[in-house]
Amino acid sequence: MIPAEKIAQAMWQEDIASRSLEMRLQAIGLGHASLTMKVTANMANGQKVCHGGFIFTLADSAFGYACNTHNQRTVSASCSIDYLAPAFIGDVLTAAATEVVRSGRRGIYDVTVANQNGETVALFRGHAATVKGKWIE
Amino acid sequence: MIPAEKIAQAMWQEDIASRSLEMRLQAIGLGHASLTMKVTANMANGQKVCHGGFIFTLADSAFGYACNTHNQRTVSASCSIDYLAPAFIGDVLTAAATEVVRSGRRGIYDVTVANQNGETVALFRGHAATVKGKWIE
Amino acid sequence: MIPAEKIAQAMWQEDIASRSLEMRLQAIGLGHASLTMKVTANMANGQKVCHGGFIFTLADSAFGYACNTHNQRTVSASCSIDYLAPAFIGDVLTAAATEVVRSGRRGIYDVTVANQNGETVALFRGHAATVKGKWIE
Amino acid sequence: MIPAEKIAQAMWQEDIASRSLEMRLQAIGLGHASLTMKVTANMANGQKVCHGGFIFTLADSAFGYACNTHNQRTVSASCSIDYLAPAFIGDVLTAAATEVVRSGRRGIYDVTVANQNGETVALFRGHAATVKGKWIE
């Protein structure tokens, strides 16, 4: 089996979007991944509250890394997010994704987004579908 | 009643996030809003496919403008998205948000994201909750 | 093409659950279906409010009939429901399901549940997945 | 504080719907509840597969008991369910609900539905909203 780290490396090369938001891959393993991102002024409004879309994007990236660790190319089919607390400029958010179930072409992943104080900012649930192709042959 | 355009103007002033992604407000009215965004290289991966998080962010902004047109400050409580087709670098996406229901402190909004050819890229449903404060006194 | 009515008839024969709740199929066509159900004392609590599960079940049946009208056996993969108003004992609920999108093995259907006064009781969104087999060869 | 058992007893008196489906309350505590239900012929179709609506109803009941254990009357605002495996006539399903977050008037609860072999049949996430009134004064 290909180690999750190797697959993540291949994905990271392609993943300009996550890199352009200066995300960092903190941990990776079969069925799970953890990423961090600092909330910048460009992600927020005049009241310094982070736009929900950027919180979602971080969670979605963590989900993407987690569901691709099986070396089968996998895409997001649908996702939902619950916002529990606001995030502010300067906060460092961590999104931790874990596999809930994987069966046939489907997978379900739960992601928790927390701030630097360990407070939960959002809950995310992602539905993955495998497509053709492997990350590493 | 305060015209939706005036409220949108006040929101736009604060909304650095949507402006930093170069979104454009195309239409606004009581309970609805339409925004466009061009998919840039920074939003995509090496295969030129737009990261789902940016599609979500556009839809979330349209939802935000639509649900605040009643001049009551309103935030996003939870959202879900279904991805129907990929978006690519250079595509111009339009997110059109409409109010499905508004009752008490809750509101539900449906957003359709389409590309420049009118193909549906994603369906988004947002749940809004009113908070204290008005946009224009 | 097999008419939707014929497929619905074949489904109805198998569908002991919907019949045991005394649902009635009111309308059927390619990609849509409409069912009614009367709220009985057994579906409610001591305050005569219908248990949300029975509202969901009606919506889920309408979704099931709608997504099978293509004569391809199709099952429910995931669903969500928003409760907008309570339903009471004696209410006659109508669930109207329409196809939002159908592509490959996936389909998305929206169902509105209303009472006899036309008030919306719930919004339901269902995700369908085709499986092997046809209803009518 | 009122013990969760006492609140559940008061709810159970009112809850004709769960009793009519012959659910059993197996465990109750602050923020969690566990219920079982046997799949009967009336809940299934001709292929002996349980209608998803009854699986949802069991999960919804477990969610209802869990979110009311704080003695504040609480209703379901929106729910989602993922079906992972079919349930069959004769199966005994257990729905275990746990509180994910509770803040202000909102609460989020996760429910896992499993069969007698411990196989997960469905995942359910419920969003609760408090209303006026207590179960026990």
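All chains are identified by letter, namely A, B, C and D, in their written order; residue positions are counted from 1 within each chain.
In this text, a contact is a pair of C-beta atoms (placed from the backbone, for glycine too) under 8 Å apart; a residue touches a chain by one contact, two chains touch by 3 or more.
Owing to the predicted nature of the structure, the values given are computational and were not obtained by experimental measurement.
**Q** In terms of residue numbering, is the interface formed by subunit C and subunit D classified as same (over half shared) or different (under half shared)?
**A** Counting shared over all numbers used gives more than one half: same.
**Q** Applying the document's contact definition, name the chain pair with more C-beta pairs in contact, A-B or A-D.
**A** A-B
**Q** Using C-alpha centres only, name the chain that sits farthest from subunit A.
**A** The chain farthest from subunit A, judged by C-alpha centres, is C.
**Q** How far is the middle of subunit B from the middle of subunit D, if each middle is the mean of its Cα atoms, in Å?
**A** Centre separation, subunit B to subunit D: 34 Å.
**Q** Find the geometric centre of each of subunit A and subunit B from their Cα atoms only, then give the gap between the two centres in Å, rounded to an integer.
**A** Measuring from centre to centre gives 21 Å for this pair.
**Q** Just give me the whole-number Å value for how far the CA centre of subunit A lies from that of subunit D.
**A** Going by mean C-alpha positions, subunit A sits 30 Å from subunit D.
**Q** Multi-chain contacts only, two chains or more: what residues does subunit B have there?
**A** Where subunit B meets two or more other chains at a single residue, that happens at 77-78, 80, 82, 127.
**Q** Assign the assembly's chain-to-chain touch graph to one of these shapes: line, ring, star, complete, other.
**A** Looks like everything touches everything, fully connected.
**Q** Mind listing the subunit C positions that touch subunit B in their complex?
**A** Per the touch definition, subunit C meets subunit B at residues 80, 82, 84, 100-101, 103, 108, 120, 123, 125, 127.
**Q** Flag every residue of subunit A that touches subunit C in the complex, lowest number first.
**A** So the residues of subunit A touching subunit C come out as 77-78, 80, 106, 127.
**Q** Applying the document's contact rule, which stretches of subunit C touch subunit D when the two form their complex?
**A** 13-18, 20, 41-47, 50-54, 56-58, 60-61, 75-83
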